[in-house]
């Protein structure tokens, strides 16, 4: 451990300027609700799916103590990070470490680099733990020198996509095998109509950070706007390109910039149509609505969700405004598994 | 309605120059034939799948009266359009309007913007209506100021891709659920060998507009050529890129430019191999052939489709040459459902 | 045949400089082992899956004599090649030739163009022969004038991805139909842990040529690095872009450049999690490890594959260093089917 610390010290170009963060993540057996009465047994980070937001600055020194309170082995991989000089902190069982056994603790130490939209997830039996047990959370690393367009951003949202096979909902340690038929589809762990709207105002410069956290592809369409794709996998694109639909594979991230110039109520959804069901019921899954504050919802008689209770941190938009650090999100909390 | 009209008037920058179009679309219960004897119960637009071509100019004022003659609710969403000031014409049930009930009519009014390869489709129960009941058609908006490469185009084709689950062929109002196994795959509603060839001549500058209208991905490969991808989702790419295969997700559109410099007979097909079957029979699905007119078909003894009857509007190439407006396509007509 | 030869002569701009290659490929009924005890009946090229490397220079004249020793018809399509003036050598049954019947031979003659990462595969019943019987191999065409970054390359690797349905393993001539459930996933015909590591050294400029040879998509993630995507479908990108994960569709190819600047042991895997199983067992499929030579494997007690026997040509890295021509690869050999 001392050797690792020395290595880290040598790596930091401006040690005086880098912040140090110490976080604790416990892995728990947790029951979450995807939508309506559909519950699912997850291995959660601090009891929530998706996991807490980790939000730091490029070059910050990170220490994460992980405690495994489940009955199965796990690790945490920090997807997209360089781990320069710290490869044994990359979180791959049998390759960079022994998996963290039930009841044990492991501390990851690394520098936050490169900047961008990253994420963390378990790397043990990913076909079950990542594809279907909700073992993922967002890791946002702010650049030391943001792009001009990033300085314009007024609203910042994170969307993590995943799919679920209800047959395995109550059978932890099983599933994620050939023949599985995903039948629930979520953004930040919830299916429509239990997702939340994105509330924006004309003039907003909206960044949406898409993260392919599950096992299905998603073809995300935003109505009424052209957005610019400004980054892939957290890395800025020299040539952003415009689109209204973007295809996202597992593990990929895309940062979109949408300039709010068109007040209305606009659907945002997966255009893979089979991902807009809840079980066998249509008009669910990966769907939500952009609500411009200029539109008086109460007057829209046809708008079915006009009286829905608003949870402002659903896309981590409140958490992203807090000081750098790790932030839990009450709305994503499940209950301890019996 | 008056308010909407006033809004529209305020939106048009050059009202003197914009054309006004009034179209009628009726939604019908229709039986189409995908290939051979495989029929399918669709909810068609004016009796055809894909629907009629709507071909207008950027800034044109559009009015579409929709009559729902089926027994289920529907809407029409104009995918990719801004609907600036007209968001209640975006066609999303429970969000921008109440769905059009059986027997009712609804009139959509909007300005054609932005330019590019767009499409229209139902937005009710998309997992069935869009993914499997053929409720989609092309909406091409010519730019006021075409790109140089667009001015060179001599042949213009539209390809809309979809997939079908034959178990549900005669069960309208059902299907599109987890466990479905797509077994028919079409371009413009037909499977090979009931698709049509693309007949081009050396020197042609060919634009192919790919539209992901169904629920599967498609990896479209063109033999013998490099094509340039010049637009995504109707939006021109600042940096077109060359390819021989392009992956297309549901809802996405890609405009390709292929310079005809290589006379021969060249396969065009989905490289997702399982999309080249008709049910359990191989060499079907999403396949066709580019036939250069320089090649005398009669002399190619091995060419199995050399005597096939040619339908010149299969890729809307004849319709696209007609004056702006809405154009039906006889070859896509089904028969009324009993 | 004389006419074809004359045509070819007219096509070669610098006949004095172009090399001529004559290759022989026989198509055989072969049993390969994907991993552990999972065997599969393939139609192989010269007894191996993937097929032998064909490595030539742009403009070279190629002649390939193909002998079909199986009981089913086949062809060879040279994916991505122009076949200018030689379209009857494109290898599509019923379109550019009659399929090669069992016991017959067919000779393909064409010029190697354009340059880049290409591949060859059967074009008969692709849903079975390509998607599941291993009928594919790499065809690398070096450019006459390499890009600056290509001149820097010190390590060159080929990864061909495929999927398999074990139900059909011993039933050649069947399978590749709707309802199939792929349960084995391979890179160069092998599933983890029977894949091989990529052994590189700090300072290496690594090119990885990804080829979507099978029927599934793949979302390939490399740990600990940013790579640049420098070519799609063998065609150089004017604007390479950085990423850590890349989504690859069937038929597509991507050339990645990874600058080895970060010694460690780094996972390379498909992030479509269900592609990391062997049948119903997790932690298999499309996975491998980048092993930096700076890391003493023997000292990494947790590294499960530290004593694994190294086969240096697994990614064709030895073959690619040999003189231009066709190179078989002993490690990919199966045994004749009984």
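We call the chains A, B and C, going by the order they appear; numbering starts again at 1 in every chain.
The rule is short, and it goes like this: contacts are C-beta pairs under 8 Å (C-beta built on N, C-alpha and C of every residue); 3 or more make two chains touch, one makes a residue touch a chain.
Small disclaimer: the values here were computed from a predicted structure and weren't measured.
Asks: Could you tell me which chains make contact with subunit A and subunit B both?
Replies: The common neighbours are C.
Asks: Can you work out the rotation angle that lays subunit A over subunit C using Cα coordinates, in steps of 5 degrees?
Replies: 120
Asks: Taking all residue numbers used at the subunit B/subunit C interface, answer same if over half belong to both copies and different if under half do.
Replies: Different residues, largely: of all residue numbers at this interface, under half are found in both copies.
Asks: Hey, how far is the Cα centre of subunit B from the one of subunit C, in Å?
Replies: Using C-alpha averages as centres, the distance is 34 Å.
Asks: Mind pulling the residue numbers of subunit C that touch at least two other chains?
Replies: 217, 239, 247
Asks: Spell out the part of subunit B that touches subunit C in their complex, as residue ranges.
Replies: It is residues 181-183, 217, 219, 221, 223-226, 239, 241-245, 247, 261-267, 271-274, 276-277, 279-280, 282-283, 289, 295, 302-305 of subunit B that touch subunit C.
Asks: If you look only at subunit A, which of its residues touch subunit C in the complex?
Replies: 77, 79-84, 87-88, 90, 92, 94-98, 114, 123-128, 130-131, 176-180, 212, 215, 217, 232-235, 237-239, 247, 249-252
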